[in-house]
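Take this structure first; my questions come after.
A, B, C and D label the chains in the order they appear, each numbered from 1.
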């Protein structure tokens, strides 16, 4: 699974629960896997100064972001004994309650997947040029910043 | 979600990818959640002395196991700021490649779900009286032991 | 007193049963185990923990007259 | 030389555009930024990093004549 060219991690709009279920099903032929770990980022309806976030509009510097996702992927495969790794991130509008990030790692052993998943998610949050406009119910907005 | 009576964590047979997808979908109305973390245990087709595991038959001391799952659940809610937690474990035959354990935690923030999920999975592995008979393709077997 | 004893996992291969009720006049869990080892010699060499009324107990615990379970190493997940 | 400049996220509110090509005779990234600050005064007070050809660079880097991107704080996931 390593040394491939960067592929497109982005999906237009929210990531559906069916897509995630199908992705899990596809791994049931890989019988060396003993443990999967999945991270899902979901858009929160945060209340800020009395206004509620209704959606986030995601944009990205797509070429650089896909290159960064690829770097993170290669680093994780080098560092951890992973059988599989999949990353999907939304672009465009994702409503509160919908899923905008899906990271899926699999390994023969459980200890590995815990470490690997946290490594990958933290790297995505800090290294990938993705931008999020938090849109409130009254159509005003603010720009999201990862902490 | 705390202080409930122990509920039945066990499901007969494998846990399907559709069940997992549906469980994810049910959380999309909970808009205070920002991060989900899911652990899936999958039965490995391990090769041992030239024979390959084709399935695990799970049994449990069910009442004690459900009480232990409940204790783990209460401890996790006390320790971590979780919005939701769900645990499902198989009983009976689960074939290689199928899923036997599904642990699902959700929180407003991501740091919490990583810590909580690992805590819960390690506790399940070490504290819950579940037993696994690894059945080989020639119908001989050995008894699984968690490490 | 009458005690219900439950066996799990590989222990059932030594006992050939999952559950039995026996009349027993001893005081400690360890005495009950000695009795079971006489009945099922193969059990003596197995690795297991004992739960009384669903709580793990040391073998020098007093029998309360309720449910005893012999639990081999766990394999959940 | 001709440089393509890309703006993202909240920076586009200062520039009112996502991308532009400009002719520029300076040598360093920092000189290009001074030029942009004159054009878009609101940009000066924004927090951003600079990528040249998709790699983050310090502002004293030499311009290579290719793509420059101004990147506000990340918000992925």
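The criterion applied here is as follows: a contact is a pair of C-beta atoms (placed from the backbone, for glycine too) under 8 Å apart; a residue touches a chain by one contact, two chains touch by 3 or more.
Chain labels with UniProt names: A, B = Molybdopterin synthase catalytic subunit; C, D = MoaD/ThiS family protein.
All values derive from a computational prediction rather than experimental measurement.
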Chain connectivity with chain B absent, coordinates unchanged: A, D | C
Geometric centre distance via CA averages, chain D-chain B, whole Å: 49
Distance between the centres, which are taken as Cα means, of chain D and chain C, whole angstrom: 73
Whole-Å gap separating chain A and chain B, where each centre is the average of the chain's CA atoms: 23
Shared interface positions of chain B, touching two or more other chains: 41, 110, 121, 125
Per-residue overlap in chain C, given as positions that touch at least 2 other chains: 77
Interchain pairs in contact, sorted by label: A-B, A-D, B-C
Residue numbers on chain D that touch chain A, as the complex places them: 6, 8-10, 51, 54, 69, 71-77
Chain A to chain B touching residues, read off their complex: 17-18, 20-22, 24-25, 27-45, 96-99, 106, 108, 110, 113-114, 117-118, 121, 125
Parts of chain B lying in touch with chain C, wherever the complex brings them together: 41, 56, 58-61, 63-65, 67, 89, 100-101, 121, 124-133, 143-146
